[in-house]
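Structures follow.
One chain, subunit A, appears in both complexes that follow, with subunit B as partner in the first and subunit C in the second.
Coming up: the complex of A and B.
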């Protein structure tokens, strides 16, 4: 059942992405409306996918790569829909929906069987740790998209090419505000994610911190965002620098999430990843 | 429809022929009293005067309206007849759709005309000079205008330099509420740009000028504050937008000073609008992060690209107008009385036949004679029922309400519009 809903989700996200891209290029309000609708329906179907899979697996479905990518995409789309509700800003959808779509497509190419949970993961810390980590990551994905949009808009305004594209993109101020808000929400989530991870590690592996590559890289990510937050609050880093930092930070997020498991061996490598 | 506009009539004529709001109701009543007209509406703006009317006798209608225009303005018809245009039928529909969508305006895409047309319609409606035809026409015109506005980007491009400045400020700051502007120099251009910004929500206005009196004068106009010229660099820490147009032969602001200011402002963005020739602000300033500098040429260039963009969008808007016009004309033709009577008859005939057949098939023992009698009975009933409505429709088809009754009949009997 969850696979069926997953496929429906994929199709809806695909439709939503196409509609949003059309909106970006043509500024047809109907395209934005369609994008919103399809992405919203896709999100509902995605929620059902996760619930179904939870019921069928008996544990929070964030254990193998397929599940993790799917959960990550779910969180990104969810936050975007909230953001769009708050700022009435459809154009960002043209940047976020392709990202979510890519994650879901990747998830679709991976083995989707439900595997028995490895004993080391059988703990109520699993949903807590992973949820916080992914919610933080998803918020940073939004900041990343806002950052890319900011750089494009900044380029257009600076070089005085005020065409239809610039008309459609949000104002620099709003994009910068999204950057800041994402930081103030994402950073605590990431922090809690790391702390809960450490507590769980103490239970599971007998040590709070063992310099496993995933731990090291999340620390690097955390430090990057801490630096950005610090600079914002003290020196008033904003605009272009903040946007670039959000993009770099998201690079670190992706590496921590994917690169570490793909390239490095460590405690966070489990069966079902990359087979 | 009879009218004149900015293309056909010179300003002197347009000044003489206009219907000020105060006397509009009385003029509408006079118009309504013209014997050939059944409905009327007067649209009068500074760029056009147009009279829309429904009539059974177009030729006489045109003559009467022309006479009405002359008489209302105490002019001789010959003085302005050459500036008038008269449109009929489909052409009127296309014209009013284009007017409402601002395709016929002097500045294509400007938004005021729709409001003016709505106002003209409201007045005519409350004076009861519009009927089914004009009501429907105007409502369609408003919805066409809305379609054009949402489906093309004809309206959302700034085409004047001051508007471009406001649009840019919005692109940078999101909204202008609570922002502050500094005016360096006190020229007319400065004032115009500042006016647009204030209308856009900018709150604080600070003015500085080498001549103190002029700074004071302009500051008063905006309820702002005047500061001595030497002190303006300090206020750069506070304001968000700077409009500069001094007659200084040299740059009054350079990159170094601006970089320093931006650091002290903790990178809060600054938007410089330099409308002075020769320029007041070193173009290098634009390369500082979070600083945006536009000079007069930049603004003009943006305005010109916008005008070009509007022309492209206008093309798409014309297509919308064309499809909507077709729809309206189809509706109009369906208003004709005769086809309505025909389809009314057909509808009742159909019902009669169906019901008769049902009855006959349920009583098979009837003789041929009895069948004939039943047939005659039903025919007579239908005929009697239809007699007075059809007579009524035919009689009223010459009146102003004719179309209304046709419409009602169609709705009552669910007659399809073909």
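Coming up: the complex of A and C.
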């Protein structure tokens, strides 16, 4: 049942992405309206996917890569819809919906069967830790999209090509504000994600910090955003530099989430734990 | 990228900081409370941390030699890259950052105190202050753990009692316990599909002969704390020493249909009743290819050389497996488990948790109160 909803979600996100891209190129309000509607419906369907899978699995569905990617995409779309409600900016959708779509397509290619939870993951901290970690990651994804948009917009403004595209994109001030706001929400969420992970590690492994690659990369991400935060709040970095830093930071986020699991070895690949 | 960014930071001239520095002149220690130091240190720490995720840390010498060869191995070892998060240079950067953090906090203290006393709504500042103090608290918790804490490991067979553990240091030093821990039982629970669901040791804690905690379950994710030690379910295995193979043996030529039962401990050699031959049990394997459980046996028959052979539980079935003048059936293995328990003592943990709580509270205060000061609230509807 959850697979069916997942497919519906995928189709709706695809539709939403196409509509948003049309809006970006043609500036037709109808396309923005369609993109919003499709993405919104997709989000509802995505919520149902997660609920159904939770019921069918008997545990929070964030255990394998398919589930994690899907959950990440869900959080990104959710935050975007909130943001769009707050700032009335449809054009960011043209950057965020392809990202969410990409994640969902990737999830679609992976094995989807529900596997029983190994003893090391049978903990109340699983949903708490993972939820905070992904909410933070999703906020940083928004900051990343705002950063990319900022660079494009700045290039357009600087080369004095103030055409329809640059008019449609949010102003540099608004993009910078989104960057700042994302940081002030994403950074505490990342911090709570790391702390809840440490608490869980203390219960499961008897050590709140063991320099396992996942832990280390989350710390690296945290340090980078801490640097950006200090630059913003005290030295007064904003604009382009902050946008670049948001892009670099999101690179670290992605590596912490995916690179560590796919490229490195550690406790977070759970096979090695019980021999 | 990181390199480029740090160059940017150095070349970035912030007027405010410059002015302040001029005003203060060459005041002692001014370098340490400069934010110009903080940001490169944060980025340097991040960059250095990457190394340790690419080079496996604290692996065995054998693994390193296989990975890198002899020369690279000794080079990496010399640079401290094989245990880099505890190397002098990594800890050095951490210490520098800590000094910087303390210096910056001390510098701001008078201004903060003034603001709070005059009730000028310096709560956001207070939040920032709390955030930074809590980071110091977390670091000191880590330091306390590193100095006074230890980690150990103990394996206890079902029915046996342990009064010592082995420390996780290279010497595996033995550390006596002031109390005793008995493993009453160990079991693995399975899901219907056969994958493990839970590992459970049943433990009894005793002071001398007096039972203090009776038959308490120790499960993964559910440690037990007794006195100042915490016990974690970490691994398990089948005890070689106490497990017994149960065999059914029939003499091929003549001898009644009912097999004789022979029970053997590992390494044990017993005569097969009513014959001149002897049978020995060398090894148990839970799985060989997809043939399942098997035992390695040695048959000593008179006037022939000893012969070793694998006897599979499934293949020998009820019909038995012929070997020399006998037919063998692998009936069962009387399993005796041992449980592997990690034992930890870390007096710094509570300090770390207090630090973490304050960190979250400090951040929430900082980020919720900071905004109204910066922007016009009238824009909000």
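The working rule: the second predicted complex is superposed on the first by the 269 of 275 C-alpha atoms of A that agree within 3 Å, B and C clash if a C-alpha of one lies under 4 Å from a C-alpha of the other, contacts with A are read in each partner's own complex, and residues count from 1 in each chain.
FYI, a contact is a pair of C-beta atoms (placed from the backbone, for glycine too) under 8 Å apart; a residue touches a chain by one contact, two chains touch by 3 or more.
This one's a predicted model, so the numbers in the text were calculated from it and none came from an experiment.
Novice: For the overlay on subunit A, clash or fit between subunit B and subunit C?
Specialist: After superposition on subunit A, subunit B vs subunit C: fit, no clash.
Novice: After the superposition on chain A, what angle is formed at the C-alpha centre of subunit A by the C-alpha centres of subunit B and subunit C, rounded to the nearest 10 degrees?
Specialist: 170
Novice: Is the number of subunit A residues in contact higher for subunit B or for subunit C?
Specialist: Partner touching more subunit A residues in the overlay: C.
Novice: Look at A:153 in the shared chain and tell me whether it touches subunit B only, subunit C only, both, or neither; answer first, second, both or neither.
Specialist: Touch partner of A:153: subunit B, not subunit C.
Novice: Looking at A:211 after the superposition, I want to know if it touches subunit B, subunit C, both of them or none. Which is it: first, second, both, neither?
Specialist: A:211 contacts subunit C only, not subunit B.
Novice: So, does A:248 touch the first partner subunit B, the second partner subunit C, both, or neither?
Specialist: second
Novice: For A:235 in the superposed arrangement: first (subunit B), second (subunit C), both or neither?
Specialist: So A:235 meets both subunit B and subunit C here.
Novice: Should A:219 be classified as contacting the first partner (subunit B), the second (subunit C), both, or neither?
Specialist: After superposition on chain A, A:219 lies in contact with subunit C alone.
Novice: Is A:56 touching the first partner subunit B, the second partner subunit C, both, or neither of them?
Specialist: So A:56 meets neither subunit B nor subunit C here.
Novice: Could you state the shortest Cα distance, in Å, between subunit B and subunit C after the structures are superposed?
Specialist: Least C-alpha distance after superposition: 5 Å.
Novice: Which subunit A residues lie in the overlap of the subunit B contact set and the subunit C contact set?
Specialist: Looking at subunit A, the two contact sets intersect at 235-237, 241.
Novice: Per the contact definition, I'd like the list of subunit A residues that touch subunit B in the complex.
Specialist: Answer in residue numbers: 27-29, 153, 157-158, 160, 162-164, 166-167, 170-174, 177, 235-241.
Novice: What part of subunit A is in contact with subunit C in the complex they form?
Specialist: 115-120, 122-123, 125, 184-185, 187-188, 191-192, 195, 198-200, 202-209, 211, 213, 216-217, 219-220, 223-224, 226-227, 230-231, 234-237, 241, 245, 248, 252, 260, 264-265, 274-275
Novice: Quick one: which bits of subunit C touch subunit A in the complex? Just the residue numbers, please.
Specialist: 1-2, 5, 8-9, 12, 14, 16-17, 35, 38-39, 42-43, 45-46, 49-50, 52-54, 56-57, 85, 142, 151, 191, 193, 195-199, 219-223, 230, 232, 234-236, 342, 344, 349, 352-353, 356, 359-360, 363-364, 367, 370-371
Novice: What does subunit B use to touch subunit A in their complex?
Specialist: For subunit B paired with subunit A, touching residues are 150-151, 153, 156-157, 164, 167-168, 170-174, 265-269, 286, 289-290, 292, 294, 298, 301-302, 305-306, 309.
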